[in-house]
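Heads up, the next two complexes both have subunit A, just with different partners, subunit B and then subunit C.
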Partner chain A sequence: MKRIVRTALAIALSLAACGIVIFNLPISEGATHQNDMTRLATETGAPNLVSAIYLGARLYDTLFEVLVFTVAVIGVRFYLLRRPSTARATPIPESHVLQASAQILYPLTLILGLYLALFGHLSPGGGFSGGVVAASGLLLCVMSIGAETIYRRLSGAGIERLEWALPMVIVAVCVLPVVFTRPILSNSLPVGQAGHVFGSPSILLLNILIGLKVLIGSWMVLYAFILYRGEI
Partner chain B sequence: MGWLGGTTVAMILFAIGTTALIVRRDLVIKLLALGLVNSSGILFLISIRFQPKMEAPILPAKVGIPIADPLPQALVLSAIVINFAILALSLVFVMLLVERYHSTDCARIEHAVETEKATLGSQNLAADPSGADAQEAIP
Partner chain C sequence: MISRAVLLLLLPVIAGVSLFQRRRLSAVIGMGLFSLVLAATYLLHSAPDVAVTEAAIGAALVTVIYVLAIRRTGRLLVVGDEVPGLLALEGGEFVGVEVDILAGFARRLGLDLSIQIAPLGDVEAILLHSDADLGAGGLSSEPPARLHRSREHLPTALVRLRPQADDRPTPQESPTTDRCEYSGYFSDLVEAFQRNELIETTLDMARFLAVSRTDISSWRVDRLSTPRGYAFIAAPRRRGLRDQLSAYIDELERDGSLDDMIRRHLP
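Let's look at the complex of A and B:
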């Protein structure tokens, strides 16, 4: 009885909370500031307006997004890897069907991730999604080849130092315009022809750096979980 | 079916997620519910500035067709990354709790922690009558 009352109360509370928000909200008929959007696209050289916003106009937000991701990776590794190494489980190999299909799938997934990161300013995609897609490609790679082999091929601890260095590089790219006497967090490299792959080199550079950062960070989280659980 | 838009679906998902967060006692299901609440927030923010007729916010847009507002989409990107970070970190904490108390039930874990505290407190009182170090002795 107590449980039913609690459930009903919870449902009523959450529905009321949503209802108050939604029924007091004006639904728009479209982007009213189309001229601003066109100006933003020509300023940054990126036809994909979402990229133009989060790597151009609101780059400051993206910096802290990268910081949050780094803190999460540090936290996961701190809590999982400080246990004694004897307590860690030994890897259990996957079944042959999964191994064979993962072997076919992982190059495609890695290439898709690279494409998403490289063409993030022209089409849907970007550094974050490209990095996560490439990291799931690495997970497939781990399923087909084995975690220890991948760890050795990625030069083990070297890639961890690269992961710690990448946020610094991203901050350096954001501060770089000061050298060319432009305001901080603006385009660090000259804007080319809009719609071209090299039309907005600074967004391309940031997409590649963020994609690499997300890829290595996700790989390190994955590797910590693999060491801890011993599965995959 | 005009009422069944993104906002309505987001509202239903939010209600399901919050209900599960409050009612269910399993920590992993609580994390799944938290993910559901997060997704509903993302869906809501996207769909308040989007109508089914609109184009994706990639220029050059077709003449006469309005494009969706790219601003909430760009801001929601941070929410997705932070959701991933929160999920990974809280899964780690759940794993540590499971390793120590052998349960994902939050009520049972709470009970185990209380019992542990009580036994440790009585031991400390027996060793040291002032009981000043009782807090530090809990590992």
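Let's look at the complex of A and C:
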């Protein structure tokens, strides 16, 4: 029964994806000229035009980037989980210098990742790079504390389910404007004062969601490599 | 402008250098450096968003994933017990004939040589678990079926040691079962000898020469006549590695460098 529901859900989602492509649902207007770009910045409330474009005017492309990343994570796990684990083999110890410096660096790296994700619409950064930087921070954390400890703590928070749920949430946020009778993939939340952290809440929300998604996905890839290719 | 040009010129240079590295780790680090310079180039071309992403993904995450991926495959993991002259730890460094052979072999394969000391009796078990690639350290007997023995690099013989008082005739030898009877660490063997704790044992020539520096006047020494040779043992499914190593030893013998190594370490 569960299997049938899952299969039906997968088919429905693929049909929906095909539907978006085939019927070319109205997408919020793109920017082509200098004036349009300034207009875009005020419309979305994001002074960083790159964010305004990839999470505003071209959100459609970004959705598929998230999909590509999800597929990559699935691929790594699919191929590595079939290999015999090397986790029981003789561990290769880290040097003490590396452990000590990792201990100092990991909080800074995690905070930098958080900053990049939260302020992506104001300054260079964004969900993708923020998530990757935070994943590097998590990796430093692994070097100083140990992979197993981190894995246990994160699994306690149901992180793997979150990994599969987040793409759905991101799609839901993009479809949400329909409820307010606005075109799909446009700002789902009202725009505030430009240049302010909460000036463009929808871009902020998407950056946080994408950042989380990338962080968890990268962590799962890293953990699979740690477990099956050589331990930290 | 100049810095842009310098960085752009630097990119193909770094790419070329990392492409021609024999050692895998150096190649991976070269790639990380390439990403870093590329990120700087993006920054100078007013694309800070792309630069941040390139630095985070190319220089940090991908490098780490590659390092993890080659962590085991990028090194030649050798396990063996210490034997003076063949594989011994002196002042924090491994020296000996076998170390020289393995170091040259690892360099040829572009791998990092990593030697772990283990008791003689555990070497075969570790190899059977595929926890190491090669076994070394004065291995002169035929290994179990799944392990692969390389070409012999040094002839040796077995020596039987009995107390002087034991006047039984020289024991019958059988080439298939006779092997070095000691299975612990070499240092324990020397200590056991000094404290006179051993009753009767069979040792190979290199181990015997090392312990014979202590007083062995109270022992009867019989040399078993079957000729033997020291060789390396490769883990299961590493037959290809064994063949490469045998070919490498052949080559060393042909150009005379094997004799040089033996003369240098075994006077």
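The rule is simple: the second predicted complex is superposed on the first by the 190 of 232 C-alpha atoms of A that agree within 3 Å, B and C clash if a C-alpha of one lies under 4 Å from a C-alpha of the other, contacts with A are read in each partner's own complex, and residues count from 1 in each chain.
In this text, a residue touches a chain if its C-beta (ideal position, glycine included) is under 8 Å from a C-beta of that chain, and two chains touch if they have at least 3 such contacts.
What you see is a predicted model; the values in this text were computed from it and never measured.
**Student:** Using the superposition on chain A described above, determine whether A:N48 touches subunit B (first), subunit C (second), both, or neither.
**Tutor:** both
**Student:** Quick check for you: in the superposed arrangement, does A:V97 touch first (subunit B), second (subunit C), both or neither?
**Tutor:** Neither partner.
**Student:** Which chain makes contact with more of the residues of subunit A, subunit B or else subunit C?
**Tutor:** B
**Student:** Would you sort A:V179 into first (subunit B), second (subunit C), both or neither based on which partner it touches?
**Tutor:** After superposition on chain A, A:V179 lies in contact with neither partner.
**Student:** Based on the superposed arrangement, let me know which partner A:L139 touches: subunit B (first), subunit C (second), both, or neither?
**Tutor:** Only subunit C; A:L139 stays clear of subunit B.
**Student:** Answer with first, second, both or neither: which of subunit B and subunit C does A:L116 touch in the superposed model?
**Tutor:** In the superposition, A:L116 touches subunit C alone.
**Student:** Determine, under the contact definition given at the top, whether A:F128 touches first (subunit B), second (subunit C), both, or neither.
**Tutor:** Touch partners of A:F128: subunit B and subunit C.
**Student:** Based on the superposed arrangement, let me know which partner A:I226 touches: subunit B (first), subunit C (second), both, or neither?
**Tutor:** second
**Student:** Please indicate which partner A:M1 is in contact with in the superposed arrangement: first for subunit B, second for subunit C, both, or neither.
**Tutor:** After superposing on A, A:M1 lies clear of both subunit B and subunit C.
**Student:** After superposition on the shared chain, which partner residues are touched by A:M168: those of subunit B (first), subunit C (second), both, or neither?
**Tutor:** neither
**Student:** Need the overlap of the two footprints on subunit A, from subunit B and from subunit C, as residue ranges.
**Tutor:** In subunit A, positions 48, 50, 124, 126, 128, 132, 221 sit in both the subunit B and subunit C interfaces.
**Student:** Using the touch definition up top, name the residues of subunit A that touch subunit C in the complex.
**Tutor:** 48, 50-51, 86, 89-90, 92, 116, 124-126, 128-129, 132-133, 135-136, 139, 218, 221-222, 225-226, 229-230, 232
**Student:** Contact residues on subunit B for subunit A in the complex?
**Tutor:** Residues 7-8, 10-11, 14-15, 17-19, 22-23, 44, 48-49, 51, 54, 56-60, 66-71, 73-75, 77-78, 80-82, 84-86, 88-89, 92-93, 95-96 of subunit B touch subunit A in their complex.
**Student:** Subunit A touches which residues of subunit C in the complex?
**Tutor:** Result: residues 48-49, 51-53, 56-57, 60-61, 64-65, 68-69, 71-72, 116, 129, 131 of subunit C touch subunit A.
**Student:** Sort out for me which residues of subunit A touch subunit B in the complex.
**Tutor:** Subunit A reaches subunit B through residues 3, 6-7, 10-11, 13-15, 17-19, 22, 25, 27-31, 34, 37-38, 41, 47-50, 52-54, 58, 61-62, 65, 68-69, 71-73, 75-76, 79-80, 122-124, 126, 128, 132, 194, 221, 228.
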